[in-house]
């Protein structure tokens, strides 16, 4: 029925050879899932950033609220991602939107916390100087606080994105697609070792690369590194 | 509520025990490996960045991917799950041990050396007690995380409260999802609290005022 | 107070973003696009292949886009997704499972009665149309090697009776404890026992019988290794196992919206026999091909069942 001639030696291959073979055979599918995985994570983090950065600025000016907000977000963080995903599935149903909402919730804390810390750490003397120059509130935020805090905020985004890639992986359990699908398939297949690797290695690489790239960006945005140059 | 406990109560106790067991064995291994390694790194500074770098890369690997990677190597069950959780527990402990030891007041170390202490005595009697709270904070962080991550260990057949969550998710039984989530979260907060108390206990008197 | 208000606004705004972001760029062929048919399926190789077969058929015969939502935990979960409106088509469920699982009824061993009960039950409880079988079932099956079958003329399970006392049997662990269709019930129905019964992981039984470690094993009837090891599947002549015929199901509401879907699924009725399903499972697992690829090649090899009733005009460009 299906054309599988010349593949008989496959069963004799070792796992690494099987892995290479799998990637050759299913390369475009793998890439599709990789991209999908990345996008789901990015969307969740971006939505979180839109909400969390303003909150971070706000609580930096209203310190009384800071403990409360950070504390609440901390509790969210101790809920296992699988549990959070399952709970949200009960409310939002299966599919990709629920995964994005889960990523969103997990991303809030690191971004709020870092924005808060970044804004708080802005040198008071600098702020006074800027005020003395007659800057408006908006200008202060936009021209002084934001650039000074950007590197720290970026560290929060980095943290959030790494977590997001992990959360997206388990999104497969509610039918959201992504690289978790490939891992799941390998676990279900009778001799799926190579397929598991084909799913798990790119997932790990994506997280590690995202971490390294954003760490580099974080360094570039650090105002103190500019002075040195 | 009552019905849930009648039906699942004894099973829940078993799963809580399993959950604690795999988490604590993994954390124990993490402490046994990461604390001495962290101390060693303070003596061989050149290696420190490398080791901590590797540990943070390992930490970055998504949990589903790491657990799945265990299957072709170690198969399924508790053992591979414990290995995966152990790998995750390393970084916070390693990093905190290293920074904790380095932050010990150099005057104190010099004084101890002047008293003729050997390197081993120095570590045991001076540096380690001074660094203990920071190390303990690392262990506490790892402990809380490991409890949360252990929920996924059920995926490779290691049991624990993840069994409830997975069954609830797979068969659409909301009570099981909630019945798994609440104990895991309480367990995580409890471990955080208990290890927080230990952290306070090990803080030397001269640091309390800080 | 002002913060709470702002947080509320922010939360509302972000929810709004999610709700309107129903087609986020890049998640395209996305599970969220309006008007797409969403085919939900579980996680085994067979179930995913069937999901992609339905998708391939829909894309071939209609202008509607179809997406596959795979890896849901069970048929109960798939059904839940459909009832909640998160999916439109259940690619496959098995009569016995549907009966005791989704419908919560007692098992029925007569195939026709079971089918009728499921079809009626789905219509009454969920307003879902439960289709006739694809043409195969995936049930427990007793398997022996070709040699043993020839030596003792084995065709039916009953034929084992005369030699059973000398046979070792390897069976799925969970079968030992199952009520209704488990080991104890088996002894009652068939009135014979094996020399020794070894419970094991169901995935291991095929190798066990092929290597000669076991004389007879109990496995799943559509596993690809039955074909590749040339095992003989003994007929359950006393109808001991409840039927596990594989069928798709779709809510009537969706069928009204997309009448062509009904014709497409009718074309798949009886189109896939046990041998074909075994072969597809085998190829996907042994040759590391994605179920999507296997499904596409299967459909192309069968010309998308264009010659079978009912007649449908394929959409060009496939």
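To keep things simple, chains are lettered A, B and C as they appear, and every chain counts its residues starting from 1.
To be clear about the criterion, contacts are C-beta pairs under 8 Å (C-beta built on N, C-alpha and C of every residue); 3 or more make two chains touch, one makes a residue touch a chain.
Since the structure is predicted, the reported quantities are computational estimates derived from the model, not experimental observations.
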| item | value |
| --- | --- |
| Of B-C and A-C, pair with higher C-beta contact tally | A-C |
| By mean Cα position, the chain sitting nearest the middle | A |
| Chain separated most widely from chain A, comparing mean CA positions | C |
| Intercentroid distance (Cα basis), chain B paired with chain A, Å | 22 |
| Length of the line joining the C-alpha centres of chain A and chain C, rounded to whole Å | 35 |
| Chain B and chain C, separation of their C-alpha mean positions in angstrom | 41 |
| Of all residues in chain B, the ones touching two or more other chains | 166, 169 |
| Multi-chain contact residues (two or more partners), chain C | 73, 77 |
| Residues within chain A bordering two or more other chains | 173-174, 180, 194 |
| Residue ranges of chain B touching chain C (in the complex, touch as defined) | 166, 169-172 |
| Interfacial residue positions of chain C with respect to chain B in the complex | 73-74, 76-77, 80 |
| Contact set on chain B toward chain A in their complex | 56-57, 60-66, 68-69, 71-72, 144, 147-152, 155, 162, 165-166, 168-169, 174, 177-178, 180-181, 184-185, 188-189, 192 |
| Chain B-facing residues of chain A, complex | 15, 75, 78-87, 89-90, 162, 165-166, 169-170, 173-174, 179-180, 183, 186-187, 193-194, 196-197, 199-201, 203-204, 207-208, 211 |
| Residues of chain A touching chain C in the complex | 1-4, 7, 10-11, 18, 21-22, 25-26, 29, 35-36, 39-40, 43, 47, 50-51, 54-55, 58, 62, 65, 93-97, 100-101, 104, 172-177, 180-181, 184-185, 188-192, 194-195 |
